[in-house]
């Protein structure tokens, strides 16, 4: 349950109300208390302090359309997605920053296409200790140069809590990867900034768990969370993961956060990324994130699924009419 | 491996060649032998009889694009899908035939919209013995009336081998449901007709197993198989199944059969069917199958997922521009 | 809800009571009606005919411990499992009957070990049309010879409804395979006999669906159903399936049918069958079914997972102390 | 590939050899290089420095039985598991430390039973921000008191990298939870100590990924890793997770690390924990971890699955004969 407290209460009164309801205190938009969902109305003792209260069906609270029906607007550089914008942001770039030349090459390409964002990882959550782990802080600095020179908004991933502050400092959109979705160290650090957070769904996680991770950020004070579905782990071995568009339908119906889809990681093979990207766009979502590399065969990670420049440019051309068909525009 | 035999061989020579290669004999398009996939070239003894041979990577043989690269054309009434048609057939109707009034009501609606097909089940593969099991042969007769009166092509499901001949007789397109995908009695009966077969993927089945079931029909002599992805069983409880569009990308790349998608069964809730249908159309597939009922709340099966007439009509209007955007037309 | 009717009602009264409750009529143990589970008490109109009634939480009705708490006793030849017997039957034999020599070889081996049952398939539900499909009716006749000569109880599988009567005639225990679990043609035929049925769980099926398939047989008049867990399809590629022992715990707690486990199909590799078999026995179940072949490498199906005679004999020796440790005895 | 270097090389030679093979340098047991698995023999240039080399089939390297066939011995307090000990350690305790009274109560109980270990969490990786998050550092201090007073070995969980040093300091066995399996911050910190690490399998993670996470710790210098299977996420809704004992068979065959199983989290219901625990013991594994609480109904987390003291004591009594039957002893 979310309780909107009246204005003008003392800190002590607020704390007492929170204690009485086992609630988290959220400042911003007035003072709100968020209690466990099983509580359905405020205890009598705190009624005098309550302006309004909003029971919720589950611990999807701040993110639920039941509490706030409109999709949140989240601003990324000079682009806003969600809200009433109809914007669908197409974010591309390589899996990993590999060198100055590589990332500048991509940045030029992206700029030429008129896009305003770029993605690339520096701290790679690899499954093997014996493969490329990313350029780390050096990569972040290259991304900072890219941002400065090309005026592109940068999306980059935080792998674990040990470098979350560095990523927050250097990036425009903090990406929390699928393997880190539950990382409380990251979630808490992201709650203390107001930079947008792209939270990817863990590939073994339910929608309920996914949105509840967003609640950690929202209830900690950062309202700018974007959800990213990137494929779940099902039993099919021919594709890397299984993109859960039924789940996206659920999220669109019940959750007020913008949604970006990642067909590249779901498919794991470049050949299917085109069809899937158009399919995702036709869901009417707020954006796509697609991996592109100057020379995919030589990529140090995710070589099989990255598009080359020609493939991406051709794909981008086909996304516009699909976006129009569902009342969206590509940005 | 598929071996094309030379013309003019005797029955005995053909049989000898088949025995020498542990092959199935397929008549039509000349005489072909289909050997286990591990065989990569014909044994010397039969070389004189061989016109050409086509090794395959797996037991996806007749259905593979490696063997025959173009999508097959399959004709349903006066509509052809696949091939070079660009047609995407939208098939709708109730989960079950429930009464004469109900199915005629739907048939009128479908006709008014200009569609040429209708779907409805008579033998329901219910999971409980204590719920409605379908109207059986009486339902088939009602569908025959509908076909006669409205000139609609009828899709209806066969549940098990005990009534497969009746379904084949009464229907235009034989639907093999997800729970019956492996039913060899059905597969063999469907192989002996040339009526089109809509083969649904078992919700616990891999793509390899799915297409291999199609191979049972194809290698038995019926070339008119359409694949239908209708959602697989993953771990997410908020939706009924998980529509596997990554899998569809795989099928489009590797398999030469037309593909129809079923968003209704995947989602299990009417609210998501619109977005998913547009998403499926944007995959550039050969058709959609969507459940519609005059009064979904009163439906005897699948009540939650069926659209009412207004919802379906509105959805249909939005499918046309998406189809256009990907070079398809709705039929 | 299960309604026990009073004795001495007319057929018409019984039929009226069934119509009033949308119920299935079950004869045996008096006359019982089984209504959809949502019905929680009999309508007033039929009260005079009701002896007692038993609401159930779901459409697991006849099989539920809520209705009948004791595990059913099912008799296989001169062995009884379930009930208060403490018996755990170990059934072994090859995946497929391949030849007279092979199956007699196995029968001798099994007899020498003092076991009383044998398993082997004749109609194989293969996933590819281009691999060995089983010996069919010839295999059944060989099994009949084995039964005659060695006095072994035979378990063999029915693949589809087209040969279910032949299997019922020739076998002692009718095995319904995982791929055929939903086959209504088979389920209905098995309901009309009283031969024991070993119903395997579909690898993509929930426990609820699994037990509801048993309800088709039970409510049709055959009380002798044994459940068989044989592995479900999860995402792990290193093993063939994932044996669901948590699910077995659920079944033991809530369902009154005996349970036999099949570690061979779950694992798919001979190396793990020993540990898994002991693990299954320690669950305190009513039996194991394990694949053994005179020469696994040459087996025409499931070569990787079958034990050779030495391996099986050694395993059997280790099962006895585990059985004792949990109060069971191997038969 | 693992390369054992000759003794007496200079730091520069070692570094050169590592650079030439893209290898990680591991000190201890001489100096070893671990290269990506695709490298199958050392480049000619470094041959003079090579003592022996060990190609591996995948990036399961240090943990593979191919490299080192015997199960590692890991010492926990005065108990050793693995190696040739035949010990199976039974670890119990509550999900969370909730109060001084509660944890001392459990410690007394455990001591009375003659067990030497205790488990309890202080940093809970909860899925909702609105439920109990654990006592944090206060809980760790209570565990330190327990260790001091009862001489019990303490297992406790690290949730994220922000408090990993505190957990390492206070605990005897560092538990990495399923949701944190991929946390590189934690893995790296655990690599720098030699305290034993209990690494739980992520519920959406393959066995390959699981063991590769262990490789991060092993290759960083800590040889004392114990694997813990605690259930994976499959589609079955009746149980919390699905305990993957087929996977355990794989691990026993291919991996040289000791294995502890966690039936409590897999099942999620107290009623199944007994059968599953006996089943796990019969796998011949190196230990069990089972949740016990003085008053499960009042537990602040995982209330449904915790045993009360009577249930646990009864269970423990039944584990001994099962352990004996498979050549193990409970410690």
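Going in written order, the chains are labelled A, B, C and D, and every chain counts its residues from 1.
Basically, a residue touches a chain if its C-beta (ideal position, glycine included) is under 8 Å from a C-beta of that chain, and two chains touch if they have at least 3 such contacts.
Note that the structure is predicted; figures quoted are calculated from it, not measured.
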| item | value |
| --- | --- |
| Joint neighbours of chain D and chain B, given as chain labels | A, C |
| Relative to chain A, chain with the most remote C-alpha centre | C |
| Whole-Å separation of chain centres (CA-atom averages), chain B against chain C | 32 |
| Separation of mean Cα positions, chain B and chain A [Å, integer] | 37 |
| Sequence positions of chain D contacting 2 or more other chains | 204, 208, 232-235, 237 |
| Chain B residues within the chain D interface of the complex | 233-235, 237 |
| Chain C - residues contacting chain D, complex | 204, 206-208, 231-250, 252-253, 266-267, 269, 271-272, 275-276, 278-284, 318, 321-322, 324-326 |
| In the complex with chain A, residue positions of chain D that touch it | 23-24, 34-37, 59, 61, 123, 125, 127-131, 159-162, 179-180, 182-186, 188, 202-205, 208-209, 212-213, 215-216, 219-220, 232-233 |
